[in-house]
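I have placed the structure first, in the form of structure tokens, so that the comments after it can refer back to it.
In this document, chain identifiers A, B, C, D and E correspond to the written order of the chains, with residue numbering beginning at 1 in each.
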Amino acid sequence: DTLADVKARGELNCGVNTGLVGFAAPDANGNWTGFDVDVCKAVAAAVLGDPAKVKYVPTTGQTRFTALASGEVDVLARNSTWTFSRDTDLKLDFAGVNYYDGQGFMVSKDLGVTSAKELDGATVCIQTGTTTELNLADYFKANNMTYTPVNIDSNAEGEQQYMAGACDAYTTDASGLAATRAAFADPENHIILPEIISKEPLGPAVRHGDSNWGDIVRWTLYALIAAEEYGITSKNIEELAKSSQNPEVQRLLGTTDDLGAMIGLDKEWARRAIAASGNYGEIFAANIGEQTPIGLARGLNAQWTQGGLMYAMPFR
Amino acid sequence: MSEAITRKIDRSQMQVSDEVAISITNMNKWYGTFHVLRDINLTVHQGERIVIAGPSGSGKSTLIRCINRLEEHQAGQIIVDGVELTSDIKNIDKVRSEVGMVFQHFNLFPHLTVLENCTLAPIWVRKVPKKQAEATAMHFLEKVKIPEQANKYPGQLSGGQQQRVAIARSLCMQPRIMLFDEPTSALDPEMIKEVLDTMIELAEEGMTMLCVTHEMGFAQAVANRVIFMDQGQIVEQNNPHDFFNNPKSERTKLFLSQILGH
Amino acid sequence: MSEAITRKIDRSQMQVSDEVAISITNMNKWYGTFHVLRDINLTVHQGERIVIAGPSGSGKSTLIRCINRLEEHQAGQIIVDGVELTSDIKNIDKVRSEVGMVFQHFNLFPHLTVLENCTLAPIWVRKVPKKQAEATAMHFLEKVKIPEQANKYPGQLSGGQQQRVAIARSLCMQPRIMLFDEPTSALDPEMIKEVLDTMIELAEEGMTMLCVTHEMGFAQAVANRVIFMDQGQIVEQNNPHDFFNNPKSERTKLFLSQILGH
Amino acid sequence: MSELHAETVPFVRETMLPPAPPPTQEAGAVRWLRTNLFSGPVNSALTILGLLIVWFLVNHFWNWFAHSVWNAGSLSECRQIIIDRWGEGSTGACWAVVRERWMQFTFGFYPSGLYWRPTMAFGLLFVALAPVLFSESRKIRRIVLLTAAVLTLSAMAVLGAPTHWFIFAAVIFIGATVIAEQNPGRLLIFSLLFPFLGVWWLWGGSLWGPIMALVGPVLGWVAYRLLGRFSPILAGIGMILVPLLWWIFLAGDAARDAENLASLAIPAVASDRFGGFLLSITIGLSGIALSLPLGIVLALARRSDMFLVKTLAVMFIEFIRGVPLIALLFVASLLLNYFMPPGTNFDIILRVIIMVTVFAAAYMAEVIRGGLAALPKGQYEAADALGLDYWKAQRLIILPQALKISIPGIVSTFIGMFKDTTLVTFVGLYDPLKSMSDAVRASTDWKGIYWEPYIFVGLIFFIICFGMSRYSMYLERRLQREHR
Amino acid sequence: MSDTAIPAQTPFRLSMLIYDRRYRSLTFQVIVFILVMAFGWWLISNTIENLRVLGKDFNFGFLFQRAGYDIPQPPIPYTSDDTHLRAAVVGVLNTLIVTVLGCIAATVLGVIVGVARLSNNWLFARLMTIYVEAFRNVPLLLWILVVFSVFREVLPPPNAFRGENATASMIFFDNVALTNRYTAIPTLGMTNDPGSLDLGWRITISWATIAFAVALIGGWLVHRAIANWAQKTQDQTGSRPTTWWMSLAVMTVPSLLLIWYFGLHLIPPEMKGFNFVGGLNISNGLVALWLALTLYTAAFIAEIVRAGILAISKGQSEASFALGISPRRTMSLVVLPQALRVIIPPLISQYLNLMKNSSLAIAVGFMDLKGTLGGTTLNQTGRELESILLMMGIYLILSLIISAGMNYFNSRVKLKER
């Protein structure tokens, strides 16, 4: 029983990327920040009452699922794509989607390429151990094109490779491309091609077979999304908890019904989760939003009310 | 016998008791299929000094090494000081702590000082307190006339000194029987005398000794009995006088002519 | 002189021709700034047997090694068999194939059999057919009395046998001059005799020999001349009888007293 | 005619010649050049080739090194400074990243307030090593201890160590130096305690944990003593079983209770904070300390005349030596959890240390086997003849000598292992070389900095490994002298 | 005299299990065996239990599923539609390629450097020492990254070769292009293609290749025969006939004829689109890995060679000189045959190390065994237990083969001792 384990341990083990700016990266003092990290913090706040009680376990593309399966981490918040085989054969349960992504290509402007369809014969840099590798193979095959893959072990190495012109195109999730491009000395010389060749719903995953723990992570994520929908922010949350008349908000913040009891938590779990680093929108804006160096637009990740896909199931 | 008395040791003074120290009966040993020792029968009494001679490869070393079970025999019986040597570890340990052995190449422990070499076995096998073991060791080092070397390492000593340390080391276990396997053959001529003197002194004190050696002078001086071996068998045994002056077997004669002529 | 004739070799039988085998004039050698050989003058005639003695470090080995250019000299002249030793490689090769050398530590080739050791140089340097080289080798192995070891490896022989192989190996090149650098000093006493006997036999056949040795018995038995070196200089040279019985220089006297007293 | 020459040649030198200086060609710089650089056509060609290589290297890298910047806050600032100083288009090294992040390269994510703790542990390590490695030469012992003391204490002062710990370290250093003057063997106690103390200083927490762990061997010894009266076999079993039982069932609780009674805790630091050279050295040292005993056991087993024991040892050693370390690291990170009882989950650093230990132990076993084989058979026989049993003979006679002979091999195994600790990057640990450099590059300030971190880390590795290899060569030479 | 006396059996007592030497070792072995078995059983039962809890099974069926990923430059035909098994085989072949190339180059370089360190040229010996120490004391991973990065940063990208005013140009008469992705070299074309032999499993070998192999092997055999004849002549007459031109002829003439017959010609790589096409593009991952492994291992081999030569005492060459044997012959007849015996055992371990170190290919994206079976396959299928066990098994087998081969060689040249 993961919940009991986590509570007994007093610490949430959260699997994260070894270093992907904006999503999860340690700073010079080893403090982790990022979009995925904030999910960990929210879960820790909900379950343990303290967003700081997280042990971040850096995982590589190769070790992440095993770390989860073997119980080394309680939740894997590491930009992992939700796919059929992972959900079934790998015995994971995805708790939801915190970022809708898709694989794209970045090329240098002076290559004169405007569409991925023109990449026949190109050399493409990819990170090993990701779904990208499979998508890439499928895409070129489907379009009857050839390419030379350059398999790179880490993101940093891949960027270096691309910048030196050792590959014509760099492919990874569009969010990653944007982050990478943003960090270049000359972002204007690189373009991200319009084709998005795959669906990459990224979300936190838990071990298969512990539904209650899965529920906790899933609904913590929904709480963050719902909070944005209802305008609950980390600043106004205390006030709203007292004053809000919206029954959904009241239920969410534990002012009325005790939803927390149904998943083995206390009444105020969601309030703490949101307070940890804000609602989904705040987290997005703080880590990868347009104001950050990464500068991602909300796009698909906007609330459903704004034409996006972020849609929290009702708290009822 | 009487003619030998004029030699260095007065043999009549030395007590050879009736008590049996080593008794070997019908002992046989093989290395693989090679029959090294054949039907050895030998009784050694307390206080006897026996010299074993014979051509190279005749099994002298093997015989000696069987007596403290550095080699295992496969048939027959070896009883040392009343204890039969079988594969029983307790018996082996008992025998080994009663029997001292001095090797051709000294085999001192180079990482220990002379004193530590001498006290090691008493401390760890006999469980003697360190102080006491050191006192004993100094006593025996004095006996072999190198007390001043006690704190040196073996590598710093000459061959003769090393061999004397080896003798002292064996004596520190206060064995009832001493075995010597060509103790002087790795030494330079000048040093041989030092070691032989030490051995003669030991002999004078009545130690039971079995000594493989080619020093025939030594044999004549101290041995009660000389045993001649060839091809794994005891060919002849006799008192030194008769052995040297009146060998009976042809082989012995041949051997003696080579050794003494050399 | 006449007293020495009764020794093992009858010197009058041995022909020392007038032909000059080695002539060294005003030769000097330095190791770095260390002056090892100083103004060496030496003429050796065909058939002469010269023994070189002297304290350790006096330059005996260096002198011998200069003669077949294992060391380079820096001043003066060395003429071997009519060929002057310069840096000219052809001359060096010519000299080396005329001069045999036997080392203190034998320096046999351990990866080759005794026979191969002996045939290697004739085959590759003299271009002798293998069969013939082997026949010659067997002849010389017989001469040093170990033909039966021909197919063993050096590692399987005793020291004395190894040194005899080394001599045979040199002889197989049928050199006109043999150099020996302390050929017996690495051997056990029993084996020294074997090797000296071989050398005496060689001497009897009239081989020109230069031999660094401390075996004074050998010197007295075979040498025409004994050279005493000290501090890189030839201090005294004389026929063996006078050298041993009537040394002139103080140093020689001192040296002889040490050597012979030892 | 035969006596002719002998008669004519008698010669006596009356005055000895003084040594003369060698001919001018044979001395001084000319000679040196002639013999060392231009002694023949081939040699001259080689010299020219060598000069070309040197010129090529200098020509290509000199500018870059010469244009070094040490003070800057980010890579772009660095580049700006270089352009300002040396003009448009010039390139240069930006060592500012090392200056700014070298603590991170050294300590990883260790809490900065506690940097003094690993520093102290590392400094005191030399005290622990003194009786093992530097025991022979008093001069070296003095130099090593005093240098370690001065460096450690000043580093601790700079890093803001609490006064009482500072005094503690100072006392140990002074005490050790004094004791080492008389009998370095006595420092062995500290060497034995050091693993426990070191673990405590690095990971923090309660001292009671290490203490209770230490109680295990003590209990084992007691059991051995008590049971030894009945039967040595029983004693042997007891000696192994009692500590095991203690560690598995009681030690944890005992430590907790003791901690509650009297707290001996210092702030705990979790494993995931380890990184950089701290991680490498921790893994390396634990690996060597653990692999040495394991290697000895394996070597003895491999030389045993018991068929089964020997076979098992051979299989184990050959298996480990036949597989890349990186595969074993993946076993540590991916498979070890499969092999443990369900629910156990232990620290990744610990798992990596286990695998590194096993890996090094196989190599160590071969090194020690060589040492054992080099011992003359007479040593075994002499020990037997004195009545020493197998274990006593091994402990008192054989191993001390064999290990001494093997020191060079052991050191080079250690160097190899230390270099291999960089491979932990592939299982998500922050090794100094790749992960740390990547982590530094992941920050927006230093994105795109490439060579400087690598050169810096490589240089540190070089200094440490080269130092160790020189030390082992020195030991080898000295041992050769001794064994003459 | 009894020749085959059978030792008398003493009756068995229980205490003999402990105190009798014969039984004691038996007892001990049985205990060790039981403990090892128990430990093994414990591991296996834990694994089974863990697999059960996770709902996984232990099954190599995944090897026959579609791999779905691409491997650049597979040595045998491979596409993303092939199975994981085939991908693993590609990985093994890649490992072998880099190992074999690395061993050859490292040996050559190592021997040269080892000898150069002994040279009396002060400058050159020092340079070699610096090289050796630098490579021995810095982690291999760093060297791999450095070599890879040097290629990437220093060499021009392929598009620098494009267009009228290209900034980079090809070398060797426009046949080879060094780029920061790959080294483009020409392939061989035939005007008279004899077709190829199908070995099954979609592996084909051109008949031309086979013809050349036969020609070369045949040429080599004839060369051996010539050498034997020369040896025999030398044995008989003492002088060795000059045979190098005959050997050269039999080694080259058949091949030249075949080249003419098949109309063999070079097809130089050509810049087209993004990359060079037409030739063979050897990826920098492979080249960098190979070069780094070579440089690193050669540093160790140099030390081994140096030690081996130094181990042959000066007396050996002096004795040879004194016999009038020339320095060159001394080296080949006296010094090297002996040095070889000292050198070979540590050389074996260096070859093994090189093979194992090649698993660092992961750092440069070269798809060796670790990259395919232990990397992408493992990752895509989630079969870590099976993949890693299989991978370790393969590495183990390769190691055992290398060491068995070299041990055989070693035992043949061992010195005979007394």
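One rule holds in what follows: contacts are C-beta pairs under 8 Å (C-beta built on N, C-alpha and C of every residue); 3 or more make two chains touch, one makes a residue touch a chain.
Quick caveat, the model's predicted, so the values are computed rather than measured.
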item: Set of chains whose contacts include both subunit C and subunit A; value: D, E
item: For subunit E, the least number of touch steps when starting out from subunit C; value: 1
item: Joint neighbours of subunit B and subunit A, given as chain labels; value: D, E
item: From subunit B, the most remote chain by mean C-alpha position; value: A
item: Superposition rotation for subunit B onto subunit C, Cα-based, multiple of 5°; value: 160
item: Distance-to-centre winner among chains (Cα means, whole assembly as reference); value: D
item: Chain centre separation (subunit A, subunit D; CA means) in Å; value: 41
item: Subunit B and subunit E, separation of their C-alpha mean positions in angstrom; value: 57
item: Centre distance in Å when subunit B and subunit D are each reduced to the mean of their C-alpha atoms; value: 48
item: Rounded Å distance, subunit B centre to subunit C centre (Cα mean); value: 44
item: Multi-partner residues of subunit D (at least 2 other chains); value: 330, 334, 337-338, 426, 434, 450
item: Multi-chain contact sites of subunit A, meaning residues that touch two or more partners; value: 62, 66, 70, 153, 157, 160
item: Multi-chain contact residues (two or more partners), subunit C; value: none
item: Pairwise chain contacts under the document criterion; value: A-D, A-E, B-D, B-E, C-D, C-E, D-E
item: Subunit C residues touching subunit E - in the complex, by the definition given at the top; value: 68, 70, 93, 96-97, 99-101, 103, 105, 107-111, 120-121, 123-133, 152-153, 155-157, 166, 169-170, 173
item: Subunit E contact footprint on subunit A (complex, rising order); value: 61-62, 65-66, 69-70, 86, 89-91, 111, 119-123, 128-130, 133-134, 136-138, 141, 147-153, 157, 160-161, 164-168, 208-209
item: In the complex with subunit C, residue positions of subunit E that touch it; value: 234-240, 313, 315-316, 318-326, 329, 333-334, 337-338, 341, 413, 415-418
item: Parts of subunit C lying in touch with subunit D, wherever the complex brings them together; value: 1, 11-16, 28, 30, 32-35, 38-39, 43, 45, 48, 74-75, 224-225, 230-239, 242, 248-249
item: Footprint of subunit A on subunit E - complex, ascending; value: 50, 54-56, 68-73, 80-81, 149, 152-153, 157-159, 180-181, 272-275, 277, 281, 283-285, 362-363, 365, 367, 371, 375-376, 378-382, 384
